[in-house]
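Consider the two complexes below, in which chain A is the common component and chain B and chain C are the respective partners.
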Partner chain A sequence: MTKIEKIIEDAGAFDCVECGKCTSLCPVAKINPNFAPRLIVVKAQAGMESEVKADKDIWSCVTCEICNDMCPYEVDFSGFIQRMRGEAVDMGNSPVCSEAGAVHTMQRLTGKGQKQNRLLWLTDDLKVKDNGDVFFFTGCAYQLGVLFKDKAEELKRVPASVVKILNAAGIEPVVSNNEVCCGHDLIWSGNEAVFEELMRKNVETIKATGAKTVVFSCAEGYRTFSIDYQDFLGDLDFEVKHISEYLLDLIKEGKLEFKDSNAKVTYHDSCRLGRHMGVYEQPREILKAMKVELVEMPSIKDKAICCGVNAFASCSEVSRKMQLDRLLEAKGTGTSAMLTFCPKCLIHYNCLLTMEKKPLELDKVEINVRDFSNFIAENLKGGK
Partner chain B sequence: MEKTESSVLVIGGGVAGIQASLDLADKGVIVHLVEKTPSIGGRMAQLDKTFPTNDCSICILAPKMADCFGHPNINVWTMSEVVGLEGSRGNFKAKVLKKARYVDENKCTGCGECLEKCPTKELPNTWEQKLTTRRAIYMQFMQAVPRVAVIDPENCRFLLEGKCGVCKKVCKREAIDYEQKDVEMEFNVAAVVVATGFDVWDPTPSTEYGYGKYPNVFTAMEYERIINAAGPTHGHIQRRSDGNEPATMAYIQCVGSRNLKTGHPYCCSVCCMHSTKESMLAREHIEGIKSTIFYKDMRACSKGFNEYVERNKRDYGVEYINSDATVQGQKENGNPIVSFDIAGKSQQREFDMVVLATTLVPAKGNVELAKTLGIELDEFQFFKALDHTLEPISSSRPGVYLAGYCAGPMDIPESVAMGSAAAAKAMEALVQRKVFA
Partner chain C sequence: MTEWDPKIVAFCCNWCSYAGADLAGVSRMQYPPNARVIRIMCTGRLEPEFILRALELGADGVLVAGCHIGCCHYISGNERAEVKIAMTAELLDVLGMDKRRLRLEWISASEGRIFADTMKDFVNQLKELGPNPVKGGAK
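Coming up: the complex of A and B.
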């Protein structure tokens, strides 16, 4: 079996009956008339893999997984795209990365053992440990907050917020300066080799602390550990949990209390947390427990509109249209904030909102795209 | 040798069960036909026309229903369910629970007086797919056999609170009997024919089709009732949102079937044909209506089926598009927006009305019934044949035979054929003593 055949088989693409449901649902196909998931699978099945690899459209897919989620034959389209991108890069079909590839460079460097100071956000009032049961994987929120300070500076506060929340519940999490990029953007942009290096480093770091549970605020990191790491390594020695699941348990145990709030928000299901991982209810239940009014947008849960960019590798007019559609839905809720757990969603939506020549429809739209963990921390009882 | 019983139990009064009963009864066998609902007729009685001949479904079925009910050798037990089966081939003892109808079947003439006077109105008429309402005393449908009213105990004021009694007052035949109780019966039978049919799948959980969200998205079974002259709109095709007649219609195939996610990976085997039929009929109801059928694969394999599809394209101008489709929104005028793929180009088109060819699924009661009868289910929860290829009629228990959709996807002629085949198999159980004695 050739490598391509293996990719097709692993994705279950041989089961495709070419029904076209994927294209009918694909948000990219609706805007970009040259893109159709069905056509890509049909070509691959027919042995036209070199055409698939050479096609720029391999980078048009936003990997939102609406097709995976709805495919009657359970074809793993995004898995197919992820691995075909590796093949595409090998033959010189590389993505056009946002910010001139700065993010990818930063991520690659962490894999090369570049000295880092990852815990700059750690202030004296936050209680953390070097060894223990609960490891908080901070991810790159802080770094992204620095890099995108013009549109997403609040990301700098995310790690501190999470520690603050955990502390409030009486938990001192482990954080580590040896943590490196989870590799999400690298594996989704065809760089499997560096991804693997990062993965092994992270698993080693976590194991060394003796942690039994690893908690994530970032939707991408959570997906990468839960799916991609386990694809390579099998079962991990520790449990992987999203902060929304973890906190909900603590709330139920009565360990967290919130300020009286009259806030009205809407919630954006990021692709990674929602369709990729199936976490839909926990964030909503947390809002309920916080007595925050949630006004839902028309497209939610498995039908949520994607932010239009993945791995900083597919920003285009299509992305901007998708972002616009989502922000208009958010505007329609009449709330002041759209919360999300994904730092990338936050950056991409704010990118459109802060654009100099932003679409006319967004004039006078006063909606903040906010990080969910920050929002929780701000509303803790006794907090600021 | 042990004495062999000379009667047969048939479970399910749809077309397969009716056929099996008639075949047996015509050969002099006593048949106990057990039907769960208040009338025999089954699914075929709900359909408007049959493919590929466009015969009126109830018109060709009703004579069979009447023959069956009036046959001297057939005992029709409506509102009844089998609750136990002991013994073995040739000598079964079947327990049947007949639920109270609260109307005396021997006295009621079906005049309908009570149906007009009952004060408890606006209850959903499930037989009409909830497109219309019924009262607490009702007739299952116009051509019901037996033509006897039935009281819904969950909503009848007299049965719930001891007040009212209007139906009893107006009934000139004194047929209303609030004291009626469930009765358990026992029959000695030589063989059992299981012909319990299917359920229609509810597409609400598959939100990509917008059923329940967009009012002008219908299921095929709803549409069958809508185009039926005896149905809730007297055969006028009307939109749910505004009652207007549609000028364009979309039919989406394989809704819920050929889908691992819904748990129904099989082909329902009828939706290519019934959507073809339904679009053809739409054109007969509304001059100039433009219909589009969205399909995964066109499965028109039986005799005359492909010709039927070709005729629909040629003579009725129905467009067939080889793409699955989804409904992802609606216009302000209530038109659902259908999204699909033509040659790798995503398309969005609005239609006045969308009909979902919802799949047919194993009946919910199958698991329980299989336990009661001691027979096996297949991986889809249809009843399992002893051998898929060479013993398709026999269940896993000797003397229990299968007919119709409860054994797997099939159309009406196949169900009828299987009904006859099961009758022939049941005959074997009856005559074995005579042959081998």
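Coming up: the complex of A and C.
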């Protein structure tokens, strides 16, 4: 069996009955008629491997997993794309990365063994420990906040916000300067070798602290640990939890209190948290507990529109159109903020919003795309 | 084994600093040969990725040199560069690399002397800082 056949089999793509449901629902195919998830699978099955590898379509997929969700035969299309990208890169079919690839280089640079200053955001009023039960994986929110200063500087505050929330609930999380990038963007852009290196470093770092639970604010880190790390390493020694799940338990125990708020917001289900991990209700219940009014957009939960870019490898006019569609939906809710847990969604939407020549439809749109953790921290009782 | 000598990648703009480096050469000014000069049309063309990539590939320092503010051939390219370099320096700090490994200088076409002095100074500084902590090359 060739490697490609193995990938097809692992993804269950031999079960494909060519019904075309995936293509009819694919947000990329809607805008770019030349793109069809079904055809990529059919071509690979027919043994036209070289075509799949030379085809730029493999990078056009936004891996939002609408197709996986809707497939009657449960073909793991995004898993197929993820591993085919690795093969494609080996054949010289590389993606055209946004920012000339600076995000990926930054992420690779975290794992080169130098002593990082990863905890620059840590101020004296935040209580953290070196060893303990709860590990907070900060992810690259701070770094992205630096790199995208003009679009998403708020990301720099995310790690501090999470620690603040946990402190308010009486929890001192473990944070580590030895943590490295989770490798999400690297594995989705076909760089499995460095991904594995980073993965092993992270798992070692977490093991060394003796943590039993690892908490994520970032939707991508949460997905990567829950799915990709376990694909490579089998079961992990610790439990992986998203902050929304974790906080909801604390709220139910009555450990967190919020200010009275008359805010009206809308919530964007990022693909990593929603369709990939099935976390739909928890963020909404947190908003309910905060007594914040949530106005839903027309397409939510498993039908949510994607932010249009995957692993900084597929930004195109298709992405712009998808972002525009989403922002117009958000505008329609009449709220002032669209909350999301995914730092990448936040960057990509703000990228369109802060463009010098933005689409005319966005002219009078005054919606802020905000990070959910920051929003919670701002609304804590006793907080600023 | 030969003694370690810093390697510098120098991005020089076509209109000022590249000519400045040229002037230093034709005027036979002595300066350390540690830099590999890459000509770019304008410092505004410089992506943060170029700097990160140079450091990832094992450069010990990166010099970015362009026209003085107000003298950019493309009106404001160097102003954009200034913003980007400040941001990249902040990122280097988080990544655990000394920000002093990245240097931005304004060197005009007539300032061959300043180019030579900058090189001497930068090499001395890098010798103090020691080798780039990120070694092992790109993958």
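As a convention for this text, the second predicted complex is superposed on the first by the 383 of 384 C-alpha atoms of A that agree within 3 Å, B and C clash if a C-alpha of one lies under 4 Å from a C-alpha of the other, contacts with A are read in each partner's own complex, and residues count from 1 in each chain.
Convention: a residue touches a chain if its C-beta (ideal position, glycine included) is under 8 Å from a C-beta of that chain, and two chains touch if they have at least 3 such contacts.
In this text, all values refer to a predicted model and were calculated from it rather than measured experimentally.
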Would you sort A:208 into first (chain B), second (chain C), both or neither based on which partner it touches? neither
Going by the contact rule set out at the top, does A:355 touch chain B (first), chain C (second), both, or neither? neither
After the superposition on A, what does A:17 contact: first (chain B), second (chain C), both or neither? first
Touch check for A:112: first (chain B), second (chain C), both, or neither? second
In the overlay, answer first, second, both or neither for which of chain B and chain C A:29 touches. first
With both complexes superposed on chain A, which partner does A:303 reach: first (chain B), second (chain C), both or neither? first
Counting only touches as set out at the top, which of chain B and chain C does A:74 meet: first, second, both, neither? first
Identify the overlap between the chain B-contacting and the chain C-contacting residues of chain A. none
Parts of chain B lying in touch with chain A, wherever the complex brings them together: 207-208, 254, 258-262, 296-297, 322-326, 328, 339-341, 343-346, 348
For chain C, which residues count as touching chain A in their complex? 47-50, 52-53, 55-56, 87, 90-91, 93-97, 133-136, 138-139
Interface with chain C, chain A side, in the complex: residues 99-102, 105-106, 108-110, 112-118, 120, 142-143, 146-147, 149, 191, 193-194
Touch list for chain A against partner chain B, complex: 17-26, 29-30, 33-36, 38-39, 70-74, 302-303
